[in-house]
Amino acid sequence: MTGMFGIEYRPLSAVLLPIIVAFLILLSNKRPNLRESWTLLGSVLLFLTVSSMSPIVLAEGPIQWTWFNLLPNIDFAFNVDAFGLVFATTSSSLWILVSLYSIGYMRSLKEHAQTRYYFCFALALLGAIGIALSSNLVTMFVFYEILTLSTYPLVAHEESPEAISAGHKYLAYLLGGGVFFLIGILMTYLLVGTTDFNAHGILSPALGPASKLTLQVVFFCFLLGFAKAAWMPVHSWLPSAMIAPTPVSALLHAVAVVKAGVFGVIRIVCYIYGIDLMQELGLGLALASIAAFTIVVANLYAIGQDNLKRMLAYSTINQLSFILIAVALLSPMAVAGAMLHITFHGFMKITLFLCAGAITAISGKKAISEFKGLGRAMPITMTAFLIGAFGMFGAPPLAGFISKWHVVLGAVQSGQLVFLTIILIGSILDVVYFCPVIINTFFGKMPETETLKGDLEEKVEVYSEKVERLETKRPIYYFMIIPLAITAVFSIIFCILPNTFSIYDLVQMAVKDIFGGM
Amino acid sequence: MPDQSRGNLNSEGQILAKDSPSPSNQKRKSLTSFILTFLASFVIWLILSGKFDLFHISLGIISCLIVAYTSADLLLPQQKLGHLIKVWLRFIRYLPWLLYQIFIANLHVMYLVLHPRMNQLIAPGIIRFKSKFSDEMSLFIFANSITLTPGTITVYVTVDGNYAVHAIDRKSGEPLPGEMEQRVANIMGE
Amino acid sequence: MDSIFFYSALFFSILMLLSLYRAVFGPTVLDRLVGVNAIGSKTTVLLILIGLMYHRVEMFVDIALAYATLNFLAVLAASRYFQKRKGLYDEAPTE
Amino acid sequence: MKAFALIIVILCAGLLIYGTSDFPPWSDPESPASTHVSPYYIEHTIEDTSVPNIVTSVLADYRGFDTMFETIVIFTAGIACFFLLRVTKREDHESRLYHHLVTGVTLRIKEGGKLPDESEEFRRVDTEWVPYSLIIKITCRLIVPFIMLFALYVIAHGHHSPGGGFQGGVIIGAAMILFAISNDLRAAILRLSEKMATFFCSAGVFIYAGTGLLCLLLGLNFLDYGALAKILFTDPVTARSHGILAVEIGVGIAVMGVVVSIYYNLSSAGKHDEGL
Amino acid sequence: MNPGQNDIIILMVVAPLFASIIVPIVGWRAKKLCYSLTILAVLISLFSSLITAKTVMNHGPVQYYLGGWKPPWGIEFYIDHLNAFIAVVVTFISFLGVIFSKTNVENDLPNKEGAFYSLFLLLITGLLGIVLTGDMFNLFVFLEVASLSSYALIAMGEKGAMYASFRYLLIGTVGASWYMLGVGYLYIVTGSLNMANLSELLPALYQSKTILVGFAFILFGVGIKMALFPLHAWLPDAYTYAPSAVSAMVAPLMTKVMIYVVIRVIFTVFQPEFTVDMIQATSILSWFGVLAILFGGIMALSQTDFKRMLCYIIVGEIGYIVGGVGIANATALKGAIFHILNDALMMVCLFFVAGMVMYRKKGHRISDFKGIFREMPFAAIIFTVGALAVIGVPPTGGFFSKWYLLLGGIEAKHWGFVVALLISTLINVALFARVFDKGLYVHGHGSDHSSESTDHSSGTLVQKTPLSMWIPAVIVILAILLAGIFNQAILKNIVQFAVPSGL
Amino acid sequence: MGDLAKEFVTTYNYWVYIILMMIGLYAVMVKNNLVKKIIGMNIVQTAIILFFISIGAKRGATIPIIAHGHNGGEHAVHAADYINPLPHVLMLTAIVVAVATLGVALSLAIKIYQEYGTLEEDDIRTQTREE
Amino acid sequence: MNWQIEFIILTMVIILGIGAITVKDLLGAGILFGAYSFMMCLLWAIMGAVDVAFTEASVGAGVSTVFFISAVFRTTRGTKD
Amino acid sequence: MDIVVTIILIGGLFFFAGGAIGIIRLPEFYCRLHAAGQLDTMGVLWTMAALALYVLDDFSLGAILTSLKIILIVFFLFITSPTATHAIVDAGVRAGLRPWRKRGAEE
C-alpha cells in the first residue's frame, strides 16, 4: 500500500495528527466553534487511525517505522506492537469523549484561556500516543517529556496560587523523575548499546560486565523516572493536581498521564529487563512490595477524604499500584490482567471523573457530605457513578471484574499468596471508601433550602435565579452527560465483550510475546 | 590680564578680550608662502632623509608638497619674501649675542643654585613693563629670549605688548627691557 | 670614548633620579610637571648617548627628535589644564 | 578586599617567579627564542624584501596580517570613542560667546540677542573659553609644519631607520593635537573636520586591506605583496618593498585619523566645542 | 585542491572587515544602506564559512598562508573540523544578530547607525579571526578587536551599562594581558608562535616549569574572557545592561569562541598527554565546570531580571562545556563541541525574546513578561522553544549535547559532573517555570473578564513586533529543532572529527 | 660581585616586570578611582611589554636594522649580530592595543562621570544600589 | 654592557609606577604615568628595541598623556586614593 | 678631538647637574622653573654640541647629516623649551599659585 495512509505511515500519521490539530487550534484561536471542531475531528481521526492498525498488528505482527537517526544505534522510530496498541487505543478513544465533555465543561463554566487548554490537550495526546507507539527508550523519553510539559499548563489552568503551586509540584515531581529516567536510559545505553524494546528484555547481556547492584539501581532509577505511575513515596503530586478542571483530571487519571506511567513501568519490566532478569535480580518482589504498600496506604487515605476529587485521586493511586503489583507478580495471567486493567480502569475512572465534574459544574458541590439526595436530582450522572464505583472493586458485570480476575489468577499462578491477600484487601477497601458517596447520594436527603424537583431541566430552572450562566448555556450541558453515559456503558460492555476494539486479542498477543504463551 | 577676561559681562556684544586674529581660518593661500614653505621643508627633508636616490627624493617632494599645502599659512602667514630674508639674516646675527647672554646668565643661576645660603640670595618677584612692539613675531622672539635668559621667565604677554616677567633675583630682573628689546627691534626692522 | 659616554650616561641617569624626586614628591602638580619636563630633556640627550654606545647614532636621533616633540606636547597639555581649570589647591588635596 | 587582592597578587607573583626559574639565561644568544624562528627573519629580510629594518619587514610583511588587525584595533578604538562620546544635541544656553575673526574680538550675546551664524567672520566660543597665550600659539605655528614633515619622513623611511606608519601617524596626530591645544579645538576642527578624520581612519585601513585584496586579485595569497610586481613592473622583491611602503602609508593615515578623532572626542566630551 | 577554493577562507574575515570600514562613511549619507551593507557582508561571510566547512568535510584540514609565508615564519589560517564548525556557528549567529539589530539601533541609537554597524562588524571579524587563526599572537590581536568593539557596544545600553562595560574592560584587558603573558612564556622556551609548530616543539619541554606557568596563565586569561566560574564577575552586569541587539549577539558568541580557544590550547597546542595525564589540568577544569554549573544555577534562581537570569544561565552553560572539555574523553568532548552550537542557538533565541519584550514593554524584568503568551504569542512560542532547549527537552538540540555530556561523564565516572548536570536541569526547569507562570497565568484567582475580550484588546493597543525581529527568531527556533533532529548528521560529519586525536 | 648578586642583576628585568605587573594588578583590583584603575591596567600591559622585550635581548648584538656600512646586501647577515626582532614586532602591536584600550577606557570613564558625577567606585555602587 | 643604567632606569620605572597609582591627584597621576612611559621608552632604547622605543615615545609620552589629561579635564581631578 | 668633545660634554653635564640640584633645592615652584627650564636648555646645547662634534669625527655625508640632525634637535629644543617653561608659569599664575616671597622681604 502506498500513500500517506499506507500501513507503514500509520504510526507517523497517528503522531502527526495531534500536532496538526494543535496548530490548527492555535491558528483558529479567535473562533471557538472552529477550534472545537478541530479538536473533535482530530480525535475521531486519531481513533480511526489507531484502531485501523490493530487488525494489521494482530495479523502480521508489529508495524515498524523508522524516521531518522537520533543517536548511534538509536533511531527516532515507532514500533506498533500489541501492547502499545492497547494503550494507544485506550487513550485515543477516550480523547473523543473527553473532548466532547471538555466542550461542555469549558463553555458552561466560561473558562478563560480555552485555546491554550485545547492546544495543550492535543499536545498531551501527542505525548500519550507517542509513548504508546515508540520503539525505544529515547523516543519514549521525548514523548514522555512532551506529555509532562504540555499537561503543566493544564494542571495550573485555574491560575490561582494553589493551582500554580500544584502545577509546580507536578512539574517538580515529573521532571525530577524525568532526570532519573534519563539516567536509566543512559545507563542502559552504556551497558548494552541499544535501547530498543524487545519482548524478552535487552538488559540480560549486561549482567556479566555490570554487577547486579548496578542493574538494581538502574531499575530504581527507571521506577523513579516513572513518577507518573504515582507509587507511594512519589504520589503526592496527584492529589494536589486535582485542582485542575475536571476534564484535565480525567486526562491525568484515566487517559494519558498516570497510564503512561504504568505503561512505562510495564515496558521497563517486560521489554527492557525481561521476566527472567527480573526474577533473577529479585526486582519483582521489590516492586510488588512497593505496590502493596501503596495500595494499603492509598486506600486508607481515600477513606478519610471528604472531597470527591481527592478521594478519586487516592483511588487512582490505589488502582495504579494494583497494576504494578500485577506486573510484579511476573506471571502471564497477572501481566495480562495488568494490561487489561490499563484500558478498563481508564474507562471506569473516566466515568467517575466525568461524573464528579458534572456534579461540580451543575450543583457547584465538591464535598461528599454535601451530596445528599443528588441521586434523585441527577439520575443519569449518579447511575454512571455507581457503575464506575462498582467497577473499581471488580463487581461482576463490570469491566473491573475481568482484569481483577486475571490478576488474581496470576497471583495464584505465581504462588504469591501474600500479594493475593493484599489485592483482595485492597478491593474490599475500595468498597469502603465508595460507600459514603453512594449512601449519601441515593439514600441521603437534600437539605431543605436547596431541594430540587424533577429531573435536570427543572433543576436548571430553579437555579436560573441564582446562577445565570447555566441557563444560557443549557444545550451544551448534554456535552457533559453524553460522554459519561457512553463510558459507563462501555464499562459494562467490556465485561461482556472483553474483545471490544480487539483489546483482549492484543493483550493476549502481547503476553504471548513476553512469556511465549498464557 | 587673563583673569580680567571673565569680568562683569552684561551689555550686548561687549568686548571680552582682544586676541590676535587667528590665522588658521583665514584661507590666505599665497603662492609665495607655499613655495617658501615647500623649499624650507625640502631642505629639512634632505637633512632628515640622507638618501638621495630618485625614489626617496620623490617621496620627499610629495611629503613637502603635503606639508606646504596643509600648513603654509601656519609657517608664513603674511610676510613678503625680501623682508623675510632680511629678518632671518638679522636673526642669525642676533644669535651669538643671545647665546653669550644665556651663558653668562646661566652661570649666575648656577651660582645661585649651588650657593649654600641660596635662600638669602634669591628674591623672586614679578616685573611688569610695556614694550614698544606691535608685531607678534617680535613679541614672541623677545618673550622667548627673556625666558631663555636664566633668571627671568615671561609670565604672560598680551597682544598690545604688556609683559610680566618673573625674575629670580634683582640682578636678573634689572636689565629688562633694556638692550635686548633694542636688539630684537633691530631684527624685525622696527 | 665609549667609556666616557657610558659614564656620562650613568651620570645622566643619576641626575634623572634627582629630578624624579621632584616628580614624585612635588607638592603641587606643577612641580611634578617641572620634574617630568626636566627628566624629558635629559632623556633626549641620553637617547643619543645610547645611540653612540650602540654605534648606530643615526637610528637614535629620530627617536630623540620625536621624543622632544612629544614631551613638549605633554607639558603643554598639562599646563593647558590649569589655564582652563582654576584652583590648584581647591580640587586636589596636596600633601 | 585589600587583603584578598594582596593574596591574589602575591600568588600570581609566586607563580610567575616559579615559572621564571626555568627561563633560559637572560640575553643569551643561544636561547630558543633567538634561534628558532627569528634568525630566518634576520638573514632573509634583505633578499626577501630588501628592507634593512627587520622590524619593519616582519611587521608589515612576514606578519603583515597581525599588523593589519593592529590597525583595525586602533580603528575600532576610534569608532568606539566616537560611538560612546559623541553628542549631537547642544544646549542653547551654551552658545553665547562669539569670536569675531577679523578683529579678534570676543563677544557675548545677551539672552534674547540675535545669534550670528557660524561663518567666516563669527565663530562660536564656549563658556570655558580663555584667551590663548601668544607665545604658545606662535611656537606651535612654527613647529607644527616641521613636526608634520618629520612625521612624513618617519613614515617614508620606515624601511631604513626606526619608525614607520604607526609612529608617523601618531606624530601627525600629535601635531594636530598641538595645534588644537595651542589654538582651540574649533580651529583644529576647521582644519581637519571630524568627518575628514573619520574618513582618514577608514581610508587608511582601506589602503592596507585593499593592498591585501589587490594581491589576492592578482592571483597570490592575501597580503602577498609579491603579486604587486605585475602592476608595478618590478621584480617581486622590490614589489614587496613597495607593498610595505603602501601598507605603512595606510597605517599612518589610519592612525592619524584615529588619534585626532579620539582627541576631539575625549577633550570635548563629544561636544566638539572648546576642548582642552 | 585548487587555490580558488582556498581564497574563500580569507573572504570570511575580509568581507565584514571591508564592510566595517565602509559603513561609517556610508552612514553620513544613507543611514538605511548601513543595515543592508552589514547584512550583505555577513551573508558573504556565512556563505564562505559554509563553503569552507564543506571543503574541510570533503578534503580534510585546510591551510591558508597569509602573505604567502610558510607557517613558522608567517601567519596561517589553519582550519580543521573544529574551526570550520565553530566558524559556521559564529557566522550564522551573527547573521541572525545583525538582522535582529535593526529596530534596536533605530530606536535607541539615532545618528550613530554607521558607528554601530561598524563596531558590530568588527566584533564579528574579531570573533571569526579568533576562530580561524593558527597563530597564538594573532589570536590575541583578534581577541582585542572583538573585545574593544564589544566594550563599546555594551556601554551603549541602558543606565548602568557604562559601569558594567568599564569593569568588563578592566577585567577583560587583564585577561588578555595574561593570555599574552602565557604566550610569552611559551615563546621564551620554544621560540615559536605558530600553534602547529608549538605542538611539535612542546612535547620535549613538558617537564619545564615555564611551560606549566605559561599554560596556567593562558588558561587564566581565557578563563576570564569566557567567564568561567570564579572569574565570571563581569558577565552578568555587562550582558544585562547591554542593548538587546548587542547582548543577543555578544552573549552567545563571545564565551563560546573563548571555549573554542580553550579546546585549542588544551588539545592542539598542548597534547592531551600533557594536559590530561601529566598535570591533570582537565580534571581541575572539570571541577570548575561543576562549580560553575551549580553556582550559575543557584544565582539564576535568585534573579528577578530576565536578562540577568540568562546571564547566570550562561555561566552555568559554560560550566557544561568546560566540564565536558575537562572530562576529556571523546564522548564528552563531542558533547561539549556540539553544545557550543546548541548553547549559542538557545542563548541567541532567549536574548531575542528579551529583546522583543524589551521592545514592547520597555523592560526585561521577569514581571514584564506578564501575559506575553496572550499579547505576543509568537514571542512566547520562541521563548518556549528556547527554554525547552535550555532545559534539555528532547526534540531540541539541547538534549542531545547534554546526552553526550552525560554519557561522557558516566563513562569517565565523573559523578560530580553528572549530578551537577542533572541538578542544573531541574534548576533550569524551575527558572523557566517562573517565567512561564508570569507569561501564562495573567488572570490570577477569580478571573472576572473572559479570555476572548483580552484577546481582542491586546492586539490593537500595542505596536507590532517588527519583521526584522521576527525572521531571525523564527530561523533560530527552526535551527534549534533541526539541530536536535539532525544531530547525527552534524555529529557524524563534523563534530566527530573535531575531537582531537589522542583521546 | 657574588654569584647571587650577579644572578639578581642579570634577571633584574624579570623581577621588575613581575613587580610592575603586580603593582598594576593591585591597582586594578583595589584602587577606588576609575582613572587609577586605568593606570593600573596600563601598567600591567607595559609590564608584559617589558617582559617580551627582555625575551628579545641578545648579548653582543646590535639593533635589528641591517647596517649598510658593515655588511650590506652582498655580505652574509649573521643572525647572532642582531637582536631578535620578533618580540619587538609583537610588542609594537601590543602598544597599539594598549593605547586603543586606553582611549576606549577613558571615554567610558568620561561617560561614567557624566552619568554619576563621580569617578569613585564606591560612590557609583551606592548610587546603583539606591535605585 | 650597560646594566648599571638599565638598573637605575628600572628602579625609576618602579618608583614612577608606584607613584602613579598612589598620588592623590589624577592629573599628577597622569603626568607621572607619562614619565613612566618616558622611562619605558628609554629602557627599550637601551635594550635595542628602537622601533618599540619610538612607538612608546610617540604613544606613551605624547598621545596617552594627552588623553589622560583630556579625560581628567573632562571629569575631575580629586580622588580618594 | 676626543678631548674637546669630552670637555664640552662635561660642561654640559655640569649645567645639567646644576639644573637637577636646582630643582631639588630651590624653595618654590617659580624658582625651580628657572633652574629646570634654562639650565637644562644650556646643558642640552653643550652636550649636543659635543655629540655632534663627535659624530662629525668620522667625516662622511652620513655623519654630517647626523650631526645636522642633532643640531636640528637643539634648534627645536631652543624653540620649545622656553615655550614649555612659559606654559608652565602661565599655568601656575592662572591656577592661582602665589609666588614665594622671602620672609620679611618687602612687606
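Details
Going by the order they are written in, the chains are A, B, C, D, E, F, G and H; count residues from 1 in each one.
The criterion applied here is as follows: a residue touches a chain if its C-beta (ideal position, glycine included) is under 8 Å from a C-beta of that chain, and two chains touch if they have at least 3 such contacts.
Note that this is a predicted model, so its numbers are computed, not measured.
Least step count on the touch graph, chain G to chain H: 2. A comparison of the D-G and D-H interfaces places the larger number of contacting C-beta pairs at D-G.
Centroids built from CA atoms put chain G at 10 Å from chain C.
Between the Cα centres of chain E and chain G there is a gap of 38 Å. Each chain gets a centre from the mean of its Cα atoms; for chain D and chain E, those two points are 32 Å apart.
The distance from the centre of chain C to the centre of chain E, with each centre set as the mean of the Cα atoms, comes to 47 Å.
Residue positions 2, 44, 48, 50, 143-144, 154, 156 of chain B each touch two or more of the other chains.
Shown for chain F are the residues in touch with two or more other chains, namely 10, 13, 19, 21, 25-26, 54-58, 61-65, 67, 86-88, 90, 92-93, 96-97, 99-101, 103-104, 106, 108-111. Residues of chain D in contact with two or more other chains: 16, 20, 23, 33-35, 37-38, 41, 53, 55, 59, 63, 66, 70, 73, 76-77, 80, 84, 130, 133, 135-136, 139, 142-143, 146, 150, 154, 160-163, 166-167, 171, 174, 177, 181, 262, 266, 269, 276.
Chain A makes touch with chain E in their complex at residues 26, 29-30, 32, 68-72, 76, 110-116, 138, 141-142, 145-146, 149, 152-153, 156, 159-161, 164, 167-168, 171-172, 175-176, 179, 182-183, 186-187, 189-190.
Taken together, the chain F residues at the contact with chain D in this complex read 10-11, 13-14, 18-19, 21-22, 25-26, 29-30, 54-61, 63-68, 73, 76-82, 84-90, 92-93, 96-97, 99-101, 103-104, 106-108, 110-111, 114. Of all residues in chain G, those touching chain D in their complex are 50-51, 53-55, 58-59, 62-63, 66-67, 69-71, 73-74. Contacts from chain E toward chain D in the complex involve residues 7, 10, 14, 17-18, 21-22, 24-25, 28, 64-69, 72-75, 111-112, 115-116, 118-119, 122, 125, 129, 135, 137-138, 141-142, 144-145, 148-149, 151-153, 155-156, 185, 187-193, 201, 208-210, 212-214, 216-217.
Residue ranges on chain C touching chain F, taken from their complex, read 54-56, 59.
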